[in-house]
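Structures follow.
Next come two complexes built around chain A: one with chain B, the other with chain C.
Right, the complex of A and B next:
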């Protein structure tokens, strides 16, 4: 596909940083606000789609590397499964950081109605980040593969 | 002929839907509330998350989320296999 007009490319240059930033905000604040790993990953992947549509196939190959995205996808899934296995002292998917609160990582206890504290919820933020990385790179791989799979328009 | 059959089928389906709608529970009062009440009351204490939905998705029902992530992984593998070039010059 040929790149779109200069107007679209200029607006894309301004916007895609904000879209990616918002996606990571949704991922990291998954235990406080609506959203989470899946939703934030989809938002970041939509920024990839915007870049692909605006810049065309020649430049997108130099911007996004499919191999790197594949590696990130697999490591996200592996991190999720490893986090689940870490609680195996009690049960699979045991929230070991939040229950005993012996390790001071994400271990604060919110009570009642509160404005929100990032340093809470045990392994939920870590799992959100793992799933977010997996989803954004998985959807990025799908977008890139399907985008580069089309023949050049003549 | 076909028109009559369709009309009768439509009326029967409508009657069943209408009867089902009259038997529905009032909104916000499900029959079994124990699990919902337990999660609403204890999720913040047990997981420490303000967002009860996230604590259900990643903690109480974490196994389900593992399945979802695996489904996404399998879908990506399927896309990669379908778009793979099998021959030189082929697609």
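Right, the complex of A and C next:
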């Protein structure tokens, strides 16, 4: 895979920051707006795919490390299941941040019409972030593996 | 200290292996030894917890667990008339299957410690093994039809990746592809049935669905779809073609645990037939259909096994036949559907045979894995005279051979005798066919025994050594279980099988929790 033309690369340079930013926006606002960890993670991974197409195989392989991505993937999964374990004082998967409100993290309960308070929903935003990290690194590994299959110069 | 923990055991038994699946990958970044120790601890803890939960359920009865609720027993939130949360429901049958699953997984893990050192990619091997275990345990413990589908998918994908373990071989990739296509098809059929239920009743909980079931045409279509899907996953006759391929190509320990995975879909079949539908169906007709499927599996499995010359494929075909025996007994049990008489004996025999099957076929697959490890060959025509150098493996093979063929001192004899007796009262011809198939099975394995272990010693095998102690220990553990169950089957039937069979017949208890 050879790099694409300068026009494509320039547009990619501008766009990929916005794509990654939008992906993280979808992840963090998972409990307020449509979308969530999986969708946001997929958006971030699509930025990796864009970079890979625009700059060719060599560049993307030097940019992303497969081992690091695998470890990030596993960390996301472990964070998710550990959050579920933390609820065990009552019941597995119990939303201990939202119900007891003893820890003032993500524990607001706004009443009435509001513009969207990020600081709500207890462990849900944390789980969205965990899933987001898992999906973006897993899809990153998938993209990397697929690009490794291409021969140089084609 | 366990009083506080016991209510949480149903989810812990699923969650701890899931945690182990992800954490073992991190541990293998440190060192292989750390990973092995960690995986051993996780499986040991799971085994211990499943036994504690088993003791609790056999004495106190069914246990419910509601995820995310303010208390574990709160199945319907205040103000709701039906359950909306994810609910685990563990009765005597679920925990019976759970104990079999975790025990086989534990033994398979000990077996694969040494041979897997020779290959690369073992970090992913243990993760996939754990995920397969999670999928099976989830299917057994869940009380929710949609979660059953999710866990079925987890088990299928992990299983397919494990079948493709020897990725350098084209045949392995083909077998794994076949496996994943069949499993996806089965899972999509289950999803279709779930959609039919959800469209009619707005609910997915098995117990709630069973309570409000109207036995409409759509429900009957859903039943046929579920029956096909689970029979396909279990490897029943017209849909068995994936089984010899997958078992023949997978490494021995993987094949041993895949046998348990197919028995878990037998469990799902029983759960759907007895608990979800129960007496509302025409049990006589459905029972006959399942019985005929069973007879077909027995006949095709045994006759095809006779002509195989690959060790794994041959055991794969006998696995089809063994599933046929379980289906035969389950069909007679469903046609009878009572807590007395031959129908109940047949149901007990079917459940007993599930236990024996997991142990017998597991042992045979481990022996085939040991032979592959020692010689690097699977073709029966190329193997000869191994009994000289591998005497313990040879003894374990004889134990497995006798157990699968149903010879007296082994567990296979006890369950098969119960099947013959009860099926004879249902239809004598079926019983005779089953006995003849058992004799054929003995012929199949005597052929294997002669060609692999007896005969002249070949020059290329003169330096073959007995397999390492950990592999012998794993095979020995299965052999001891087979002999103990074979020597005192009444203890197991009365204390373990009987409550499990009762849990299926008295479905009111399972349905009554929501």
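By our rule, the second predicted complex is superposed on the first by the 152 of 154 C-alpha atoms of A that agree within 3 Å, B and C clash if a C-alpha of one lies under 4 Å from a C-alpha of the other, contacts with A are read in each partner's own complex, and residues count from 1 in each chain.
By our rule, a residue touches a chain if its C-beta (ideal position, glycine included) is under 8 Å from a C-beta of that chain, and two chains touch if they have at least 3 such contacts.
Remember, predicted model here, so these are calculated numbers, not experimental data.
Check whether A:36 is in contact with chain B, with chain C, with both or with neither, and answer first, second, both or neither.
first
Identify the partner contact of A:10: answer first if only chain B is touched, second if only chain C is, both if each is, neither if none is.
The answer is neither, since A:10 touches no partner chain.
Check whether A:131 is in contact with chain B, with chain C, with both or with neither, and answer first, second, both or neither.
Touch partner of A:131: chain B, not chain C.
Is A:95 touching the first partner chain B, the second partner chain C, both, or neither of them?
Touch status of A:95: both partners.
Determine, under the contact definition given at the top, whether A:142 touches first (chain B), second (chain C), both, or neither.
first
With the two structures laid over each other on chain A, which partner does A:71 touch: chain B (first), chain C (second), both, or neither?
second
Which touches a greater number of chain A residues, chain B or chain C?
B
Is A:84 in contact with chain B, with chain C, with both, or with neither (first, second, both, neither)?
In the superposed model, A:84 contacts both chain B and chain C.
Considering only the contact definition stated at the top, list the common interface residues of chain A for chain B and chain C.
74, 77, 81, 84, 92-93, 95, 99
Applying the document's contact rule, which stretches of chain B touch chain A when the two form their complex?
Contacts found on chain B: 44-51, 53-55, 57-59, 62-63, 65-66, 68-70, 72-73, 75-76, 79-80, 83.
Residue numbers of chain C touching chain A in their complex, please.
Checking each residue of chain C against chain A gives 8, 11-12, 15, 18-19, 22-23, 25-26, 29, 65-72, 86.
What residues of chain A sit close enough to touch chain C in their complex?
70-71, 74, 77-78, 81-82, 84-85, 87-88, 90-95, 99
Taking the touch rule as given, give the residues of chain A at its contact with chain B in the complex, in rising order.
30-34, 36, 38, 73-74, 77, 80-81, 84, 92-93, 95, 98-99, 106-111, 114, 116, 120-124, 127-128, 131, 134-135, 138, 141-142, 145-146, 149
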